[in-house]
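You will see two complexes here that share chain A, one where it goes with chain B and one where it goes with chain C.
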Partner chain A sequence: MAYEPQYYPGATSVAENRRKHMSGKVEKLREISDDDLTLVLGHRAPGSDYPSTHPPLAEMGEPECSIRELVEPTAGAKAGDRVRYVQFVDSMYNAPATPYFRSYNAAINFRGVDPGTLSGRQVVEARERDMEEIAKFQMETEMTCPALASLRGATVHGHSLRLPEDGVMFDMLDRCRKEGDVIIMHKDQVGRPIDKKVNLGKPMSADEAAKRTTIYRVDNVAFRDDSEVIEWVHRVFDQRTAYGFKPEN
Partner chain B sequence: MADDRQRKFAKHMEIKYTKEHGTNKMEGGDITDKTVEYYRLGVEQNPRKLEMKKAGQDIAKKRGLVGYNPMMHCGGIPLGQRALTPSFLSGTDDMVEIDDLHYVNNAAMQQMWDDIRRTVIVGMDMAHETLEKRLGIEVTPETINHYLETLNHALPGGAVVQEHMVETHPALVDDCYVKMFTGDDELADEIDSQFLLDINKEFPEEQAEQIKAAIGKTSWQAAHIPTIVSRTTDGGQTSRWMAMQVGMSFISAYSMCAGEAAVADLSYAAKHAGVIQMGDMLPARRARAPNEPGGVPFGHMADIVQTSRVDAEDPAHVALEVVGAGCMLYDQIWLGSYMSGGVGFTQYATAAYCNNILDDNLYYNVDYINDKYDGAANKGTDNKVQASLDVVKDIATESTIYGIENYEKYPTTLEDHFGGSQRATSLSAAAGSAVSIATGNGNAGLSGWYLCMYLHKEALGRLGFFGYDLQDQCGATNVLSYQSDEGLALELRGPNYPNYAMNVGHQGGYAAITSGAHAGRGDAFAVNPLIKVAFADKLLPFDFTQPRKEFAKGALREFEPAGERSLIIPAK
Partner chain C sequence: MSEAFSDTNTLQLEIFPSRLLKPETAQNLLNEIADLSGVIRLFVHGPRLPQTVPYGPATGMPVNHPGNTVIEVGGQAIELAVYVGSIRMEVIDADVKEQVREVCEDLLPVSFEFREGNFIPRRQTVTDYAKRGPGADPMMIGMTDPKGKLKNHPVCILKPEKDE
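And now, the complex of A and B:
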């Protein structure tokens, strides 16, 4: 019988969604074109070549190395791309993703990634085209609601703030707006105006967000009600404590 | 129980988020609302920001060089896109501007640290033995009084032995003095009251007995060098300045020869053998002298704060005042300035001592503990619950979930603690302090702190900034290990402890957990009775019985600091 990764404990919808994010088996909900993605990321002009920091690996004449032979370079590494970032902010009001589960998703399902996990933002650094692959994946799937999550390279304040009436998470730099029934982005990640409004798709309804979210909330799925997760946390705690006390046992 | 409870933060949240402050338009609504309108009013909405803006303009005009200009923020988008709201110091009804909780803008905060840094405790017994056994000089209460009178002239910078000396102006160093204390009631009775820190008077009877038993018949001086000297030099200066003046005063008071060899023994005692510094020297890579904040152990911090002697029946209050003092010193001054620079650390700290959010969580825990563990959160030693992992898990889990659910039921509290590091500090300080109060065991409290971090991370899918992974995911492993460099009694850990050295939002909490363990037991002190007595002194400019109230006075510009230079600068 083949090993089936379990990923995460818990018997609730939140736990199930966490398992989906970690496994990468998430539903695709929208399309973001490559040019639109490039625009909102703000690292290069749409259609331009990827700037590189070294020649393609094939031209580098690398030394003989068993590790190099074992590990297939990512596309970005092969091409010599520079390292660039994508950074998400997810609202605590039932945004589908949370920083840790964005990081787990990136680290488990993609290679050559360097995720950073904070409370109000989550960054992934990678070779540029590899990073774009992750950004596109997370933006197009149920991991992201365009109203409750946004791309923010800097000035990220907002994940814990009450929502305005239109349901679009507070952004000091006002990078995203609701226009009609869709969310548009008219500035790039760091707040520089971009040439066109990028359509990020329809926001999730409150019910849909509550169904797809990976955050426990007392007004949706309360943490205290997922006893299996709490039991598992206690087990981790017990074991870390005991290990430090008497590692030889 | 949790749902029926009147939240201690409710009043503060209501004023902060449903009443207009300045012109921020925060009128109406409810603290449980999940939506709000953002008016993007910028700095114009807030009285203090307007004052600062005008000051920036005046400075630019006067000096011909631009300075503070709020429009430099984010390329022309000023602060205040969300409402700028005031804060309350927890445990008080004092409403302040949040800018006034940066230590640069708060004279009380500066003075708290000044008063710690400029303090050193020096034993008297070694010097007396040198005088008596080596030189045959009789030491009596009368000679001690004379010596103390001499030293109170010399310590601020008065000459006692030599002709043609420059001296410091008394009006610039009026905060400098020395007092003595002893566990010997008979000797204490003979000491002029102006020089005596009277343990029997300053402490409740039960605590006084504990302290006198710990100190025994020994005698000590609590010396406070001038604030102005301490600010101009560093913490290492405190013992040197004191030792020089102590040496001179012994020479004068006991008519010694200025060059005789015994003076070297007196100096050695004053500089090394008989000295208690408030903080240890730091290793070369952090390169700080003694009496700098990175060397102040959590147990010392717990003893410096004096709430335990004025409100001994309320261990939670004791811990909360230590949180306030500890977060201010360790987060705002030590990590925020000494270690990192910049201004951003302030709000990591203020989350723990503003708006009663942490207070509410801890007092809920006290009720929970008292209900479930037969009054274990009350002061006492016979009522404590045995420290076990099961008890840690029970109390810390309940505390954490209660605190997290408050953020969800009261979105204004989540908005107030807008960063995960703030929430982590508040939640873990509540959980850790509760466990330590219930068990009387600081390391059990520390264990509760780390469990809280695990639960918080899993509940919300987020914790604090990167450092919380470093420190808080591996912390449980060194709670109960006492092997060198892996574990230590919490009382003896400090800001430079491995893993603690560069992580804001923790150290004030650790100090509180330390104090909670001892306040919960009714101990008179956490680790050092001498430090507890040295700060039991109303003459100090900063009132260590109520740090949070003092911070409010500083923010309201009502605090009178020491070490001012008005006397020697042009009048304005």
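And now, the complex of A and C:
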């Protein structure tokens, strides 16, 4: 019987969403075009070629190496793309993803990525076209609500603040705004104005966000409600304490 | 200026809405509160809105945040440098406190916490002394914008005639 990874314990909706994010089996909710994505990432002009940092691997003549033969390079590595980043910030008010689960998603489902997990933001570094693939995946699926999560390359302040009245996470650089019933982004991820307004789609309603979130909250699904998760967290802590304890004699 | 303003008989209140307030909502609320007699002083508190991008590749570019606007309170134009998160104030007695609570219930579109406590220093601190020196107006105690400059007049006196 083939092994099926279980990813995460628990019977609550939050545990189920965490399993979805880790396995990459998430629902696609919106469409963002490649040009729009390039525009908001701000690393190169939309439609331009990917700048490269070295010639394509096929032209370089790689040394003989069993590992290189074994591991197929990613598309970005093959073409010699630059390493670029995408950084997300997720609100503590029932945003669908959290930095940890974005990192799990990137590390489990994509190759050639370097996810960085911080308390309020999550950054992925990868070859440019590989990074764009992850960014597109995470932005188009239920991992992102355009109001409760946003692309922020610099000045990430806002994830732990109360939401403003319109429900769009506070951003002191005002990259995202609610226009009508959709969220638009009119600056790139570091706050430079861009040529057009990029439509990021409709925000989730409060109920939908509560249903799709991976955050345990006392006012939604409390961590203590999930006895299986508690049991496993205790087990992990017990065992790492036990194995970490190494008396000298 | 009477010493009564740093008196412990006054009440200090905090209005803490469940969401950050839009400038229009904040303006309406502040206007209604400013109309009440018995409010001695108040300040708004919240995340600061920069005029220019502070760091990153876009450093120095203008931000033009919609929250960074000029609101009119009690006939005076005030530049909002923060997104209003809470309002802290000093009032003379419990009646005024109840009036403030009614104003909040009428005007705030979101739920809010309303509490009494100590939010503005009642005695001069080292910071006050360093900023204003000895013999400073007791009304100004604690009314300091930590990032503001005194020369930019961060404190606005709405009803100067009543301070006489």
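Just so we're on the same page, the second predicted complex is superposed on the first by the 245 of 249 C-alpha atoms of A that agree within 3 Å, B and C clash if a C-alpha of one lies under 4 Å from a C-alpha of the other, contacts with A are read in each partner's own complex, and residues count from 1 in each chain.
In the analysis below, a residue touches a chain if its C-beta (ideal position, glycine included) is under 8 Å from a C-beta of that chain, and two chains touch if they have at least 3 such contacts.
In this text the structure is predicted, and so the values were computed from the model without any measurement.
With chain A as the common reference for superposition, the partners chain B and chain C occupy clashing space. Of the two partner chains, neither chain B nor chain C is touched by A:F110.
When the two complexes are overlaid on their common chain A, residue A:G244 makes contact with chain B while staying clear of chain C.
Look at A:F137: by the touch rule set out above, it reaches neither chain B nor chain C. When the two complexes are overlaid on their common chain A, residue A:G153 makes contact with chain C while staying clear of chain B.
Once chain A of one complex is fitted onto chain A of the other, the partner contacts of A:I215 are limited to chain B, with no touch recorded for chain C.
Residue contacts after overlaying the shared chain place A:L161 against chain B and chain C alike. Set against each other, chain B and chain C differ in how many residues of chain A they touch, and the higher count belongs to B. Legend: residue contacts after superposition of the two complexes on their common chain; A:S119 is shown touching chain B, with no touch to chain C. Common to the chain B and chain C contact sets on chain A are residues 155, 157, 161-165, 170, 172-174, 191.
Chain B meets chain A in the complex at residues 33-38, 74-75, 77, 81-82, 389, 393, 397, 401, 404-405, 407-409, 411-412, 414-415, 417-421, 423-424, 447, 450-451, 454-455, 457-466, 469, 474, 476-481, 486-487.
Across the interface of their complex, chain A is touched by residues 17-22, 25, 47-50, 53-58, 61, 63-67, 83, 85, 109-110 of chain C. Of all the residues in chain A, the ones that touch chain B in their complex are 18, 92-93, 97-101, 116-120, 155, 157, 159-165, 170, 172-174, 191, 214-219, 222-224, 229-230, 233-234, 236-238, 240-241, 243-245. For chain A in complex with chain C, the touching residues are 42, 153-155, 157-158, 161-167, 170, 172-174, 177, 190-193.
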